[in-house]
Amino acid sequence: MQKIAVFPGSFDPITCGHESIIRRALPVFDKIIVAVGENAEKKSFFPLEIRMKWLKMVFGDEPGVEIIKYSGLTVDFCVKMNANYILRGLRTSADFEFERTIGLMNKALTPEIETVFLLSAPEYAALSSSVVRDILRNGGNVSKFVPAILAAEMNSSTGL
Amino acid sequence: MQKIAVFPGSFDPITCGHESIIRRALPVFDKIIVAVGENAEKKSFFPLEIRMKWLKMVFGDEPGVEIIKYSGLTVDFCVKMNANYILRGLRTSADFEFERTIGLMNKALTPEIETVFLLSAPEYAALSSSVVRDILRNGGNVSKFVPAILAAEMNSSTGL
Amino acid sequence: MQKIAVFPGSFDPITCGHESIIRRALPVFDKIIVAVGENAEKKSFFPLEIRMKWLKMVFGDEPGVEIIKYSGLTVDFCVKMNANYILRGLRTSADFEFERTIGLMNKALTPEIETVFLLSAPEYAALSSSVVRDILRNGGNVSKFVPAILAAEMNSSTGL
Amino acid sequence: MQKIAVFPGSFDPITCGHESIIRRALPVFDKIIVAVGENAEKKSFFPLEIRMKWLKMVFGDEPGVEIIKYSGLTVDFCVKMNANYILRGLRTSADFEFERTIGLMNKALTPEIETVFLLSAPEYAALSSSVVRDILRNGGNVSKFVPAILAAEMNSSTGL
Amino acid sequence: MQKIAVFPGSFDPITCGHESIIRRALPVFDKIIVAVGENAEKKSFFPLEIRMKWLKMVFGDEPGVEIIKYSGLTVDFCVKMNANYILRGLRTSADFEFERTIGLMNKALTPEIETVFLLSAPEYAALSSSVVRDILRNGGNVSKFVPAILAAEMNSSTGL
Amino acid sequence: MQKIAVFPGSFDPITCGHESIIRRALPVFDKIIVAVGENAEKKSFFPLEIRMKWLKMVFGDEPGVEIIKYSGLTVDFCVKMNANYILRGLRTSADFEFERTIGLMNKALTPEIETVFLLSAPEYAALSSSVVRDILRNGGNVSKFVPAILAAEMNSSTGL
């Protein structure tokens, strides 16, 4: 059976931390679906199309990666995609507590889906999309924190 | 002196985790008042009347449990009810950090009131009202997470 | 049914933190048994007799407190004493993680016994027997950290 | 070179915890700039002018303290003020996780600026502006939690 | 390339928690090597031969599992075994902090080896070999905590 | 008044993490005393003379650093050295919990001494002397983890 993992998130925007987890997890799975959440209730900083375009720019050449938008429960999306794994990165123990709650609830909802975790690289342990948005909002430079191919475009964006 | 405890929350909605803490704490106290918070500033998912009706369905036969709505500071409500104890469950260390802040402030405000904690049962360690709401919002099935008597009604609710 | 709680520990030596938890918990229970662990494998700093003598000096006038030594599993001791509760104080989230493990295992071994937690008073949040021993070992003054009635005797002790 | 530290916050309102950290840090630095954030996106409970007036009432006689409002990235403000240090207090491990993220990102943005931490005094370990606001909102008394000189005025404020 | 994972531990003794992680991880890897540490400096409770015999009784029929003893650095053992993954379970945030340290150091020593984590099942979140040893040492019954096939033999063992 | 800080530890052996904290803290203080603990009860891996020799090799040219051995309580040593500050690094929230306990007890013993914390650099967040000893004990290479000037000598040491 093919090993398909879903890496869910809002990717608002993608950071070096996301990219690192996905690339490091590629050898574990046959395919990783980067699942970009559409959340009707929470306004995103960057529109869905931009977030997806950026993900495609970063992983365009990578045959093992697919970028797909989704809404609803993550486990329902996994079932639809025949994915048996959810992939997540862990930075801090606050992350762990949060992810443990989500992971155990997902397991209770759909026992055949396992959440698999990798440790964030130490240089990205304090990095998050929310930090990147905060810097952008205040006119700072995010080049150290996002994939090189996107830095110029993100720095010149104005929240769009 | 009668041992009266207040178990405060928004119960939006009640979960198996709440029910388990209350039932396990019953032998410790003479009465447990389930205090359902009315918060003018935060819109609840289920209206107050529904939240209280569901609590009454779960604890209707239990002489040691009363369901009362309240607003204002929890310690002020305790004083009004002659309750010397606040009852809380602890799931994770994130919970603990949060509860410790609240508990110490309550103690500073009203030193004669003690907060008493029980550990959540491990099977409910990842369960919260917010998780239940999230599943309902996405059309999922919450039967594993809420008292059996309420499952059908909650699953068919649409946020009301 | 009488509400009897066991407060287990090695009390090597008793600190103001222990005393505070016990006195604050007295109204919750009909009796609190301070259970002083004899651990054949771990050498204590103060001998069992001294540890018990000091506890008796602190709680001698308190009808609701009994000081009893024990060995073996804490839950077995509870059953023998007809105690349905274990009492513990929580200082920090590290404490919580440790106590959660013990508490859940005790519950798995003997489901009818509940562990009940109080928060340590903030002024004792960094206090432990091990800190007191460390100060004594280095010739420091522990008066701020142990019950007043014991301070002089402890400060002049040499580990005995 | 002068040792200038920035102590950033919204001080909505200042608490005894803030005051304690600033006074204890005074001997470490030549000057501490209390930097009061203006956040266009997040409505404050007290208006900026009131928050600054209260800080000035508390630190008016203290030559080593300046009260300045700012917006934008904290590190940019530090550079503008020739400040090489950011001062922060740590209450709990939840605080630590949060501060670590901010501190490491600030270091990544501006490596010459160090964040220096002091431990909150234990009696203020559960105190925060948000707790004070919550008490005020519910008509409680905050005298124990804010500098004495401000207590009467704050208790009679109505969120202003 | 074959996906081989090492699951290192002392397994002193194996618990239901270990068994659960290994079985749940089987679909992720082609082979899982249960690597039983020989630690010359730390005396184990059960001798190495017994620990290995018990692991073989539990996983005897499982073609994807091998039981091998090792000493030295775990990453060196992985290299020798052509294993690119280390498998670990996470129970609590204390676990996470510990595992993060080990995982990052292993990554620094041997960057091509990834540590992959699964969440412990909630019913085993408080279970550890050390808890099992503690119960055995005090004459308690460990049947709920170890694989069924081993319960009788372990309960009648006396530390051996 | 001169700003003198004590950086206490066993430095068994010094790591890049220690070196980084000391160098980053130099601008904050007029002098940093690296205080090398002699602990009669705990056998060190490297003898005191070697540990001190290595510290002197690393900081030999640094006028603001002194290397001094000490025993007894750290606060007593500070008083003797006219040091008003204790310097510590923070890597993780487990570190924080530990340091908070020590720091608050030191403050209770000697209120005029403040503990000042810096965040560990992310690349050293998982590094400790104990990890270095573990690698050395197993014949591994510690060059990435210790000051460059010491790497060869440490790698060829056999625990001495």
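Labels for the chains are A, B, C, D, E and F, by order of writing; each one numbers its residues from 1.
Here is the rule we use: a residue touches a chain if its C-beta (ideal position, glycine included) is under 8 Å from a C-beta of that chain, and two chains touch if they have at least 3 such contacts.
Predicted model only: the values in this text are computed from it and were never measured.
Between chain D and chain E, the least number of touch steps comes to 2. The pair from B-D, C-F or C-D that reproduces the interface of B-E, where over half of the contact pairs by residue number are the same, turns out to be C-D. Remark: among chain pairs B-C and C-D, B-C carries the greater number of C-beta contacts.
In this entry, chain C maps onto chain F through a rotation of 120 degrees when their C-alpha atoms are superposed, rounded to the nearest 5. By the residue-number overlap criterion, the interface of chain A with chain D counts as different, with under half of its numbers used by both chains.
Mean C-alpha positions place chain E and chain F at a centre distance of 34 Å. Look at where the CA atoms of chain A average out and do the same for chain F: the two points lie 38 Å apart. Multi-chain contact residues of chain C (touching two or more other chains) are listed as 92-94, 97, 100, 103-104, 122, 125-126. Those chain pairs judged to touch are A-B, A-D, A-E, A-F, B-C, B-D, B-E, C-D, C-E, C-F, D-F, E-F. Those residues of chain F lying in contact with chain A across their complex are 92-94, 122-123, 125-126. Those residues of chain E that touch chain F in the complex are listed here as 71-73, 76, 93-94, 97-98, 100-105, 108-109.
The touching residues of chain F, counted against chain D in their complex, run 1, 3, 24-25, 27-28, 84-85, 90, 93, 96-97, 100, 103-104, 107, 114-119, 121-122.
Of all residues in chain B, those touching chain A in their complex are 92-94, 125-128, 131, 134-135, 138-141, 144-145.
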